[in-house]
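Take a look at the following structure, please.
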Amino acid sequence: MATFDITGVVQSLHQARHSWRQTQRRNSEAGNRAFPSRDALSSIIDCLKGVLFPMRLGPPDLRQESEDFHVAHALDASLHALLHQVKRELAYNANLRGEGHPVDEEALAAVRSFAAALPAIRTLLDSDVLAAYQGDPAARSVDEVLLCYPGVLAMIHYRLAHHLYTLGLPLLARIVSELAHSATGIDIHPGAQIGAGFFIDHGTGVVIGETAVIGQRVRVYQAVTLGAKRFPTDAEGNLQKGLPRHPVVEDDVVIYAGATILGRITLGKGAVIGGNVWLTHDVPAGGRVAQAESREGAQANGIGAS
Amino acid sequence: MATFDITGVVQSLHQARHSWRQTQRRNSEAGNRAFPSRDALSSIIDCLKGVLFPMRLGPPDLRQESEDFHVAHALDASLHALLHQVKRELAYNANLRGEGHPVDEEALAAVRSFAAALPAIRTLLDSDVLAAYQGDPAARSVDEVLLCYPGVLAMIHYRLAHHLYTLGLPLLARIVSELAHSATGIDIHPGAQIGAGFFIDHGTGVVIGETAVIGQRVRVYQAVTLGAKRFPTDAEGNLQKGLPRHPVVEDDVVIYAGATILGRITLGKGAVIGGNVWLTHDVPAGGRVAQAESREGAQANGIGAS
Amino acid sequence: MATFDITGVVQSLHQARHSWRQTQRRNSEAGNRAFPSRDALSSIIDCLKGVLFPMRLGPPDLRQESEDFHVAHALDASLHALLHQVKRELAYNANLRGEGHPVDEEALAAVRSFAAALPAIRTLLDSDVLAAYQGDPAARSVDEVLLCYPGVLAMIHYRLAHHLYTLGLPLLARIVSELAHSATGIDIHPGAQIGAGFFIDHGTGVVIGETAVIGQRVRVYQAVTLGAKRFPTDAEGNLQKGLPRHPVVEDDVVIYAGATILGRITLGKGAVIGGNVWLTHDVPAGGRVAQAESREGAQANGIGAS
Amino acid sequence: MATFDITGVVQSLHQARHSWRQTQRRNSEAGNRAFPSRDALSSIIDCLKGVLFPMRLGPPDLRQESEDFHVAHALDASLHALLHQVKRELAYNANLRGEGHPVDEEALAAVRSFAAALPAIRTLLDSDVLAAYQGDPAARSVDEVLLCYPGVLAMIHYRLAHHLYTLGLPLLARIVSELAHSATGIDIHPGAQIGAGFFIDHGTGVVIGETAVIGQRVRVYQAVTLGAKRFPTDAEGNLQKGLPRHPVVEDDVVIYAGATILGRITLGKGAVIGGNVWLTHDVPAGGRVAQAESREGAQANGIGAS
Amino acid sequence: MATFDITGVVQSLHQARHSWRQTQRRNSEAGNRAFPSRDALSSIIDCLKGVLFPMRLGPPDLRQESEDFHVAHALDASLHALLHQVKRELAYNANLRGEGHPVDEEALAAVRSFAAALPAIRTLLDSDVLAAYQGDPAARSVDEVLLCYPGVLAMIHYRLAHHLYTLGLPLLARIVSELAHSATGIDIHPGAQIGAGFFIDHGTGVVIGETAVIGQRVRVYQAVTLGAKRFPTDAEGNLQKGLPRHPVVEDDVVIYAGATILGRITLGKGAVIGGNVWLTHDVPAGGRVAQAESREGAQANGIGAS
Amino acid sequence: MATFDITGVVQSLHQARHSWRQTQRRNSEAGNRAFPSRDALSSIIDCLKGVLFPMRLGPPDLRQESEDFHVAHALDASLHALLHQVKRELAYNANLRGEGHPVDEEALAAVRSFAAALPAIRTLLDSDVLAAYQGDPAARSVDEVLLCYPGVLAMIHYRLAHHLYTLGLPLLARIVSELAHSATGIDIHPGAQIGAGFFIDHGTGVVIGETAVIGQRVRVYQAVTLGAKRFPTDAEGNLQKGLPRHPVVEDDVVIYAGATILGRITLGKGAVIGGNVWLTHDVPAGGRVAQAESREGAQANGIGAS
C-alpha cells in the first residue's frame, strides 16, 4: 500500500479547481494570464531605493564618486524590469475587460513617466525624512531616520506606489504597498494623496484609505485609521466605487495613536486629534479633540481582553 | 591578552543553562528532544499553497496543462516532509507526558487525514477569496485578492493550521499560525472555528482566540479582538484550560476596526459592531452597537499618545 | 531613440542629492561615513540567539555534548562582528559631533562589557519564558514558548538592545529593536527598563517608550501603548530630550489589550488596567481601571471603520 | 581627482566593441540575438538526470513509490525549459542564415522527438553503467559507477547531446558536451556515434571527434584521442566541413591510455591498441598495436618536461 | 492536444527502470538503500580543510587567537556529519553482501580513528606543501603553494581519502578523490600509498593506481600515469581483484610530464624518468630513462592530431 | 562518554600548527597577513568578463542601448574590488621581504594601469575569438566560440592575468590563471607572452611555461606542453629563477595534440609540429616534425595503460 493516496487527492483537487473555474467562468486561456509578480516587484523596489538614496540604500560599499555610475545602471535595469511588469498588468487588465489590444506603447509611456518623476519623489521623501528627524525627540540624525524608521520605509513605498497608481497601474501599486504593509504594519492605500513632510511614528496598525487627502507637515502615530464610514450603494445595491469617502486632513494636523477618523470629513489646518478618539465629523482649523478618560473601579468585571 | 574572554563567558553561559535545566528538571536526554522546525514548516506551507492554487501560488512559469504533474509532485514531497514534522511533535508530546511509545502509525494516519482534507480546504478558501472580492470596493479581480490581500494569506494559514489542530497537532498548528502572524499582523488561534466566506480587511492587529466560533460570511476589519474576558481558575488557583471563553459570532456579522469583543457572548446573525467598541455582552440578531463619538475640546491636556 | 532617458534622470537625481546635501551641510566626506549595517546586525543577533539558547535557537542538528564548542565559536565570531559595527557607530557619532577621535579602545571596552553581560541576559530571558509559560493557558511547554511566541522574540531583541543602549550605542540598539518590530509588530524602545518575568501576549501594536520603567512579573497584551502625553519644549520651543515622560509600571501589573497609558504616571503594584482604557493619571497599588461598555443602538450612523 | 577614469575607459571599450561589430558586419539588432543560455542548459540537464535516474540522481529524499510523480513533474518542467532554449537556437541559426522565419513549430517537434527518445537513452546508459562495472576491477556496485565515475557522467551528457545534435541543434548539443568537458576533462563531440556499453576509465584528456563511429562494448582510457589527421580544403583553400575524418572503431575494441588514433581509419573488431601509440592506418580485427619501450640511459640531456 | 506526452514518456521510463531492476535483481527495498551523498562529503571536506589549515582555508576573517574555537566547532560538526555518511556506506556495503547487521558501533569506531589521525595528516600535508615550495622555481611562499597549487589540493583530498580507505570505507574515499579529480584533473586512487613530501606540478591528466607505492620526496609532472599493465584473470576468466599491479616508486624519484609507467615494476631510489616515456620494466636506483627525440621531416602525412 | 574526543584532537592540531610555524619562523602577526582571496578574484574576473563582452558575458537580459551603463557600473565596482586585492598582495609581498611600507599609492597606480589596458585586451581577445572561428571547421559563429570554447575562456583569464603579472602582481595573476586551469584543464603561466590570434582547441592538458614567447596566429591542440628541459642551478645548487627556459614559438606555427616541446628552443615561423612528438631542438621556419608511427604486433605484452 502506498504511503499516501496521491492520485486520489490530485483528482479531487483537480475537480475543486474545475468547479471554481466554471463558477468564475474562466477558461483555460484565462488561467494562463500572467499576473504581475510580487517577487519581481520586491526586487525592483529594492533597486529603486538604491537609485533614490545610493549612499544609504544602495550597495554597502558604494563610494560617493561612483554614485552616478551605480544610479545609471540600477535605474536602467529596474526600469526595464518594471516595463515587463507594467505590460503584465496592462495585459491582465485588458483581458479582464475582454479586450486583447496591444499594450507595449502604453506600457512604455507609463514607465517613461515614472522615470521622469523619480527626482521629484526623492525631493518629497527628503521632506518626509526631515519631518521625522524634527518630529521625534529620539532621532539623532537624518541617516538614522532613513535607515531605521518603519514610517519612512512605508513612505518610500507609498510615494512610488502612488505614482504607479496615478499612471493607471493599480495592481502594481497595491503590491508595492503590501510589501511595506507586511514589513511595517502600516497600510497606506496607494490612491491616497499625501503632501510633503509626512511623518508616521511607530506605525503599526496605521490604515489610510484610498480617497484620503492629506496636506503638508502632517504627523500621525501608531494605529491611526483614516477610513470610510460606510460604503454607498447604488439603486441595485452594488457598491459604488471611487466616491470620495475618506477624510481630508489639512496642513500641520497631528493625530495621536489609536484615533479612528471616518468618512469624508475635514480636519482643519493645525487641528490636534487625541489618542484613541472616534471621530466622524469635521474639526475646525486649530481644533482639539480628545478621548474621555477611563476611570478607576468602573465595571470591574469587564476588564480583560486577551 | 586575548580580545575577548571567550572561555569565561562560555563557562558562565554553561552554568546559566545548567541552572535552568535543573530548575526545569530537564536531563540531558530531554534536551535532545527534537522540536518541530519552523523553517521546515514554512517550506511545507509554501509548497502546499502551490498544491492548492497551482497557477497562482505555484511555480511562476507553470502552464495549466501541467497543473496535475506539479500538484502530484509537490503534494507527495510536502506530505512526506510534513510526516517528518508530525512525528517530531508526537514524540515531543509523548516525551512531555513521560511516555516513549512509538508514533509512526499515529503520524501516518494524521497526515493521511490531512491530505484527504485538502480539496475541502481549497473549496473553503475559494469562498474566502470570493468574500474578499465582493466585500471590498477596491478589489478588481479574484486574482488580486488571492495574491495581494494579507487577510487571504492569513486564512490559508489558518485553514491548514486548524486541520492540524483538530488532528491533535497543536504545535505544528501554532507554528503555521505564527508564520502568518509575522507576515500580516493577524493572529488567529488555530483552535478557532471559522465558517466559509470569512473576510478580514487590512488586518493588522486582529486577534481571534482559541474557542471563538464564527459563522458564515462574517467580515472583520483591522485591530478587532475576539478575546477572553477573564481566565477562570480552579479551587487551587490554577488556570482552567479548554473552557469556552471567546465569542460566538453568527452568520453575516460585520465587526468594524478596533472593536474589542470579550467573553463567551453571542453576536446574533447579521449584527453590526461599530469601530472601537468595547463589548462584553450578547447582541441580538440584527443588532447594531456603536462607539460614543469623541467631542472637540474635551480634556485638552490628555491628548497625546506617542 | 533610446527606451528611457537614463542620462537625463541620472542628472536630475544627482541635482536632487546635491540640493539635499547642501541643505544639510554635508560634504562629500561626510557622505562616506559608514553607518552600522542592518543586515550585519541581523546576522549577529541570529548568531547570539544560538549563543544564548544553543539547543533551541542554534544549529538544528546540534547535540548537547557539543554545546560549548558551538557557543565558543559562535560567540567569538559574533563578538568580532559586533566590534566592527560598534566602531561604525562610535565613528559615526563622533563625526556627528564634529570630532574625529579614535574609537578602537572605546569599542573594545563596550563589546567586552556586552559579552560579560550575556549570562545575566540569558537568566533574565529564562524568567520571561517562564512568565509566558505560566501566563498563557494555551502554552504547553517552555520550548513552545521560546520557539513560537512573538513576545519572547521581542524580549530577546529588547534585552540585547537595552544593553547596547546602556553602553552608549543607541543606533545599534535601535536597529536591533526594529528588527523585532518588523517581525512581531512589537515596538519596545531599547531605552525602556523592564524587570524580570515580563510577558507580552499576541503583541501586535504594543509600543513601549524610551523612559518607561517596568517592574517584575508584568503582563501586557496586544496594542498596549506606554507612551508620552506631550513633549515638553524649552523656552525657544525646542523639544527637550531625555526627560522622563513615559509611565512607571510597578511589579505584578496586568495591562489588557488596547490600553493607552500616557505620561510619567505610576501604575501601582498589582494594578489591573482593562482593555482599551485611556489613562493619564496614577493608579494606586491594587487598583483596577476599566473601559465604559459600548451600548447597542447608539449613533447608528457612526458605525463603520474600514 | 576621481579614483579611476571610468568614463574614459568606458568610451574606449565602446569604441573597441564598435570596431569589432563593424568588422563582423553586425548591426545593433544582430547584437540583440538571444543565444542559448549555458546556465539554463545546466539546470535542464541536471533535471533530466533525475528524470532518467530518479532514485540516484533525483532529489536526495525521493522514495521509490513516488518516482513517477517526480519524473512527471521534472520531465514536464525540463521539457518546457528546453523548448525555450531550442527556440533560441533555431532563431539564432535562422538569423545567421539571414532568415527570420518562425521557429515555434520546428522547436516543438524537436522537443517532442527528444522526449520520446529518453527511455531508449536510459537503456543505453544502463549498458554503459554495466560496462563500467564489469570493466573495472575496483568497481563494487552499479550505484558506485553511476554516482562516482566521471566517464559515466560524460556519457550521460554525450547521449543527451547526441540526440540534440541529430535534431539539428548543434549549439545546444555543444553546450551540453562542454559542461561535461569542464567537469571531467572528457571531450566527446556530440556528433560522434557511440554504441552501447561504452566505458571510459579515468578519462582526463580523452578527445573524440565529430565523425568518429564507435561500435558496441568499446573501452578507452585516459588521454586517448580519436582525431582527424588533416583538414581537407577545397579548390579555394576553404576547410571542407562534414567529411568523415575521424576513426571507425568496431565492436569490442580496447584503446589504452594516451593512444592517438588519427584519420578515417578502421580499428577492426576486438583490436587492442596499446598505451601512447600513434596510429594513422587501419588495424585488422583482433590486431594488436603497441608502443616501443623507452630505454634507460638514452639521451640523458632531454629528460625533463615540466 | 497537450504540448508533450508526459504520461507516455513517464510510463516508458518506468518500464525501462523496471527492466533494469529485474536484470539487476533489485527489489524495491534495495532501491531505497541510501548511498553516501557527494554533496554532503563535499561540505565535510571543505570543513575539514578549515580544521587542518584554519588561517588559510578556514573562514576568511578568522583571527589567530580564535583558531582553536573555530577548529573545535568545525571538527565537531564535520565529524558528526561524517559519522552519518559512514553509517550510510557501512549499511550499503552490508546490504550488498546480503547482511543487515547494525553498523553504529563500527561507524563510530571508524570516525574516532579518523579524528585521531588528523594531526598526523596535517603534518604530512605540511611536508607536501614544503616540497612544492622547494620544487617549483616559481613558488614565492608556502601560502601561495597551499592556496593556488592544484597538486596540493589533490593531496589534501588524497590524504583524507586514503585514511577513509584504510578504515574500510572505499566509497567515501572514492567520492573524496573524485571531487579533487573534477577540480584538478588529477586522479589518485585512495588506495595508493604515498610518502611524505610528494609534489605534483601542473597535474592535469595524472593517474595513480590503487596499488601504487610511492616513497618520500617524489616529484611527478602533468599527465604521468602509474598504471597497471594488464588485469590478471583467474581460471574462469574473472578479473582478480586486489593483486599488486601498479608501480613501486622509491624515495626521491622524479617523473617528468607524460611518462607512462605500467605494472608492478620498481623505480629505484633517485631514478629520473623523462617526459613521455613508456616504461614497463624496473629501473635501478639512480637510473635515468628518456624518450627518443622526434625528427624533423619524418612522415609528413601523419602530422596532425586534433 | 563523549562521542568524540574533540578537545584532544584540537590540542594535537594546535601543536601541529605550532611546530609548523616554528619551523617556518612565523610569528603570530605574520599568520594574520591577509592573502588575496580566490573567491573575491573569481567574482572580479566574472564581472570583468561582462565589462569586456557586455552582450555575451554580461547580465543575460542586457540590451545594447544599455551597454555603457552596465559597463561603467561594473567597471567601477570591479576596479574598486580589485584595488582591495592588489593592496593585499602588495602588503603580503612587502611582509615577505620583511618590509612594512605603505602600499596604497602603488596599488592605485597598478589598478589604474590595468583599467587603461582593458580596451587593448578586448581587441586582443577579439583576435583570439576570430582565430578560433577560422581555425575550427566545426565553429558556426563567433558567438559560439566566445560562449562555448574552453580555449577562449582560458585566453580571457590569461590576458587579464598576464597584465596583472606585468604590473608586479604575480599572486593575483596566478589565482586568475588557476581559476581557468580548474575549469578547462588548460594551464597557461601568466608570465608567458602570447601574440594575437592564439587558438587552443580542446585544450585539456595544455601547459605553457612562464618564459614561453608565442607569436601571432599560433594554434595548439590538447595536451601540448611548452616546458622547461631542466632547471639550471647556481654554484650552491639553488634553482636559478627567471632565466629564459621555455620555447620561443614564432608566428603561424601549428602544434598538434600531445606534442612536448622543451627548453629555450625556437620553432620558426610557420613550422608544423606533429602530434605526440618529443622535441628539444630548434625547428627552422616552415619545418615539419612528426612522430614515428606505431606498428602492429610490436611488444604484445606491453600493451595496457590504465
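Chains here go by letter, A, B, C, D, E and F, matching the order in which they are written, and residues are numbered from 1 within each.
Here is the rule we go by: a residue touches a chain if its C-beta (ideal position, glycine included) is under 8 Å from a C-beta of that chain, and two chains touch if they have at least 3 such contacts.
Because the structure is a prediction, the values reported are computed rather than measured.
By the document's definition of touch, common neighbours of subunit B and subunit F comprise A, C, D, E.
Interface equivalence for A-C, evaluated over B-E, A-D or B-C, points to B-C, where over half of the contact pairs coincide by residue number. Although subunit B and subunit E share one sequence, what matters here is the overlap of their interface residues, and that overlap exceeds half of the numbers used. When the C-beta contacts at C-F and at D-E are tallied, the pair with the greater total is D-E. When each chain is reduced to the average of its Cα atoms, C sits farthest from subunit D.
Taking each chain's centre as the average of its CA atoms, subunit A and subunit F sit 54 Å apart. Distance between subunit A and subunit B, defined via averaged C-alpha coordinates, is recorded as 25 Å. With touch defined as above, residues shared between interfaces to two or more other chains in subunit C number as follows: 3, 6, 63, 65-66, 69, 72, 75-76, 80, 185, 202, 204-205, 223, 225, 227, 231, 257-258, 260, 262, 275-276, 278, 280, 291-293, 302-306.
Counting only pairs that meet the touch rule, the chains in contact are A-B, A-C, A-D, A-F, B-C, B-D, B-E, C-E, C-F, D-E, D-F, E-F. Against subunit E, in their complex, subunit C makes its touches with residues 59, 61, 63, 66, 69-70, 72-77, 80.
Interface residues of subunit F, counted against subunit D in their complex, comprise 51-52, 54-56, 60, 63-65, 67-68, 71-72, 75-76, 79-80, 83, 108, 111-112, 115-116, 118-119, 122-123, 126, 137-138, 140-144, 147-148, 150, 183-185, 202, 204-205, 209, 222-223, 225, 227-231, 257-258, 260, 262, 275-276, 278, 280, 291-300, 302-306.
Considering their complex, residues 2-3, 6, 63, 65-66, 69 of subunit C touch subunit F. Within the complex formed with subunit C, the subunit B residues making contact are 3-10, 12-17, 19-20, 24, 28, 31-33, 35, 37-39, 92-93, 96, 170-171, 174-175, 178, 181-182, 185, 187, 189, 201-202, 204-205, 207, 210, 221, 223, 225, 227, 231, 239-241, 256-258, 260, 262, 272-281, 283, 287-293, 301-306.
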